[in-house]
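Heads up, there are several structures right after this.
What follows is chain A paired twice: with chain B in the first complex and chain C in the second.
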Partner chain A sequence: MKLEDYKLGGTALRSSDIKQGRVLSTSWEPDLAYAWDDGVAIGRYLAELKNGRIIGRACHTCNRIMIPPRMFCELCFRPSDEWVILEDTGTVNTFSIVHVNWDASRRGPKEKPLIPAVIEIDGASEGMGIMHMLGGVDPDEITIGMRVKAVWKKPEEREGAITDILHFEPVRPKATKQRAGRKR
Partner chain B sequence: MAITEKITNTTKPTYWEGSIPVNYVYTYGLAGEKFFRAIKDKGTFLATRCDECDVSYVPPKIYCDRCFAELDEYVDVGTLGFVETFTVSFMNMDGSEREEPKVLAMIRIDGTDGGLIHYIEGIALEDVCIGMPVQAIFKPKAKRTGAIDDIIGFGPIGRTR
Partner chain C sequence: MAYRKVAIVGAGITKFVRRAQETGKELSWQAAKMALDSCDLSLEQVDCVTLGTAPDAFDGVHMKGEYLADGAGAWRKPYMRHYVGGGTGVFSPIHGWFHVASGMADIVLVVAEEKMSSCVPHPQGAFLTIFDHTTEQPLKPNLIWIFALEMNRYMQAYGLSKADIALVSVKNKKNAIDHPAAQIPEEITVDDVLNSETLAWPVNRLDISPASDGAAAIVLASERVARRLTDKPVWIDGVGFAIDTAYWATRDLCYPTYVETAARQAYEMAGITEPSKQIHVAEPYDPFDYKELHHMEGLMLCPRGKAAQLTADGVTQRDGNLPICPSGGALGVGNPIAATGLMKIIEIFLQLRGEAGKRQVPGNPTCGLAQAWGDLMQMGTVVVMRS
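Let's turn to the complex of A and B:
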């Protein structure tokens, strides 16, 4: 028996049935406002973004530099040891090409797709990165391992938010990727 | 080793303000559709009844909770009822204080085993009591949309608008 032939229960509706009132409905948009404490690490991270800098946190026991910064190391559970200013360049670890908006509505044919990516930040340990958007690049040209640089908002427009970086854009490839760890 | 960073100014912890965007559109289902149409078009309540279990449902159900029989006869049970239980609300949905306290009650519809939760209107706070007879007060027909707030509340017998 084909799936198409199977008689499912329920009543099929179209969105026009609801919009045109052939079927009654109730709707609501609750106001889910929140204020979320940044904490010490993210508080400093956001404040440094306003200054145009990306800051990480080092664990000397594990020889790791973490981004986003954490006040404790989740591998050894010790408090982390010091702040480390990082570069605003990095490497694409992974990315998605997204044809829908946040609310799952389709982006129009003239709208460019959104490209969220995880970018490993230079100066942090390998694999440590932040999630942000890629911009100024054709989706077909993006590769994993591609070198990118942050494009910042103008200083007077920054608010101490992750959006103080507009997006990351490709740069000319370097010969070697910067490695992490304490300098000997 | 102690944590080396401290927040020394407790009036200035930083925080991020936001709002989670979420909304819904909800249809009523087969029985709910008939129930709210009757409120909208006729200003009355419908029930379905299971004869086997001797129970009648307001709002109506398409099957019996107890024996799963299919219930497809809708009966007009009118708009009279009595206060089964009530509470006095001093707070709005957003947590702010109401200007005037409002009574919310579970109203048992006469002749049925079901009822509705709604406001009590037009009865002084101190006069509301369990068992008191009430009647549904509806918005004018032109203003009804087929929603629970087509009913303004339940008030003294004889007052319908």
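Let's turn to the complex of A and C:
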């Protein structure tokens, strides 16, 4: 058989077909709401975020310190063993400079680009990171391997959510501060 | 092996378009009917039907498998829907293969359908809920972000530039000019890719495949039946599928280990020990241009970090030593998720039969491979085929 020998189905529509009513369509906007329980491991993770700390969970069989924390080790398939307070600093594993919102709409000309990143958290096993945002930095200055630190919401504004960390910003080397001092 | 041999004996496909007038049911019917016609079968002769389709959220139809059953020809037959995200389309023949290889069925109709256009204004919005609802969704991510994160990591690991990667988009969109179902076949340059809108650096618009509507179908048969139906059966000689952790930020994003795991499984079954020599033509999943390179490496078709060089050297062109995505791929033919993977299976089917028309790669290939990838960058599906 050759595809070229068949009249293929699939009729392409133009947006004008819909706008001008040449093709009929029915629409619906679902109004669904969900309340997701935080779970045992992530519940503690969120509670510690509210305290301004990042917590992980250790498995003594594979010797990993895992973030996000989990009550079972998916590699060893056994209960994980203990809670470990991690640092609120880390290393940029990768990042992107984003001009689209979650629904594919474009960010406006006056809106700053978003800078999501994978950040390997200090104190967790090598390579274990979380997705979060970078801020307080010129996008052109960001490099993979850059050292960053969490910028927290004020304690009274925290609600036990991943957004209790506003973003991560570069750990400024001392030399930078001295230059800033000379400017004054 | 105790498996029965399984052949592909027929194929059908619709055009891939941004928005189809047809419903998902109608698209499924068009592809399924063409597949049956191509090997002179009627629906009564089909023992069992399997259907692949990706998120219900695209269509806004819950239990989409049941909704599509009529169009897939499943009426009063054993029927099951499978769904492994973007990996679905290459899982489709694997799901059908189970039924024939086990001896349960002699003829299976495999259908894959996607209608992404129903989700307005853009199906990208339907992806928000694949992220962890507590630790990731509050950051309002979308899939382009995480591909951008993966692409940046990949570029950094191997010192690649955006231009190195854009060559894949240029190649595949050009290949698609010869595909009758293609949505966005075009001749473009690397500069066109680099100058297209930056969505999420390093990803520009022309680095990405489009959202599409479309369907594809194949017919699988046991050896005894296949030899009666056609002089040119194409055998499914190896299948593999594997999933990695949904904690995607805890993996090294520069290498798709789950694809390697799936490939090793398929290669062992098919007796492939040197993939780069024994595989003559391949259709890895290319929803983004860097993914073709990423997947060539995961499939062990070249050493890690070397796929871009092979592309620059022309090795992956249709007339190169290792043609990659001669169909035009998701980047050129279009990307109705589940149907894309099955389109790739159909391309290898036609290539191995010498029936790919202007897209035919030279040298009478006898062994080919299709691969897809999906979920939260964690699922690999691989099928090895021989004529």
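The criterion applied here is as follows: the second predicted complex is superposed on the first by the 144 of 184 C-alpha atoms of A that agree within 3 Å, B and C clash if a C-alpha of one lies under 4 Å from a C-alpha of the other, contacts with A are read in each partner's own complex, and residues count from 1 in each chain.
Just so we're on the same page, a residue touches a chain if its C-beta (ideal position, glycine included) is under 8 Å from a C-beta of that chain, and two chains touch if they have at least 3 such contacts.
Worth saying up front: this structure is predicted, and the values here are computed from it rather than measured.
Enquirer: Classify the contacts of A:Phe95 with the two partner chains as first (chain B alone), second (chain C alone), both, or neither.
Expert: In the superposition, A:Phe95 touches chain C alone.
Enquirer: Thinking of the overlay built on chain A, is A:Val23 touched by chain B (first), by chain C (second), by both, or by neither?
Expert: Once the two structures are laid over each other on A, A:Val23 reaches both partners.
Enquirer: In the superposed model, does chain B or chain C contact more residues of chain A?
Expert: Touched residues of chain A are more numerous for C.
Enquirer: Pick one for A:Val118: touches chain B only (first), chain C only (second), both, or neither.
Expert: A:Val118: touches chain C, not chain B.
Enquirer: First (chain B), second (chain C), both or neither: which does A:Ile144 touch?
Expert: Once the two structures are laid over each other on A, A:Ile144 reaches chain C alone.
Enquirer: Taking the superposition as given, does A:Asp31 touch the first partner, chain B, the second, chain C, both, or neither?
Expert: A:Asp31: touches chain B, not chain C.
Enquirer: Should A:Pro68 be classified as contacting the first partner (chain B), the second (chain C), both, or neither?
Expert: The second partner, chain C, only.
Enquirer: For A:Thr11, is the partner it touches chain B (first), chain C (second), both, or none of the two (neither)?
Expert: The answer is both, since A:Thr11 touches chain B and chain C.
Enquirer: Identify the partner contact of A:Val40: answer first if only chain B is touched, second if only chain C is, both if each is, neither if none is.
Expert: Only chain B; A:Val40 stays clear of chain C.
Enquirer: Tell me which partner A:Met128 touches in the superposition: chain B (first), chain C (second), both or neither.
Expert: Touch partner of A:Met128: chain C, not chain B.
Enquirer: Shared contact residues on chain A for chain B and chain C?
Expert: Of chain A, residues 11, 13, 18, 23, 27-28, 30, 34, 36, 38, 46, 102-103, 161 contact chain B in one complex and chain C in the other.
Enquirer: Give the list of chain A residues in touch with chain B in this complex.
Expert: Result: residues 11, 13, 18, 23-38, 40, 43, 46-47, 71-72, 78-79, 102-103, 160-161 of chain A touch chain B.
Enquirer: Where on chain C is chain A touching in the complex?
Expert: 10-22, 26-27, 30-31, 34, 38, 60, 120-122, 124-125, 128, 132-136, 138-142, 144-146, 148-150, 152-153, 156, 179-181, 197-203, 213-215, 245, 247, 249-253, 350, 353, 355-357
Enquirer: Can you list the residues on chain B that touch chain A in the complex?
Expert: The touching residues are 1-5, 7, 13-28, 30, 32-33, 36-37, 40, 94, 145-148.
Enquirer: Under the stated contact criterion, what part of chain A meets chain C in this complex?
Expert: These residues of chain A touch chain C: 1-4, 6, 8-13, 15, 17-18, 23, 27-28, 30, 34, 36, 38-39, 42, 45-46, 66-68, 74, 93-105, 116-118, 127-133, 139, 144, 161-163.
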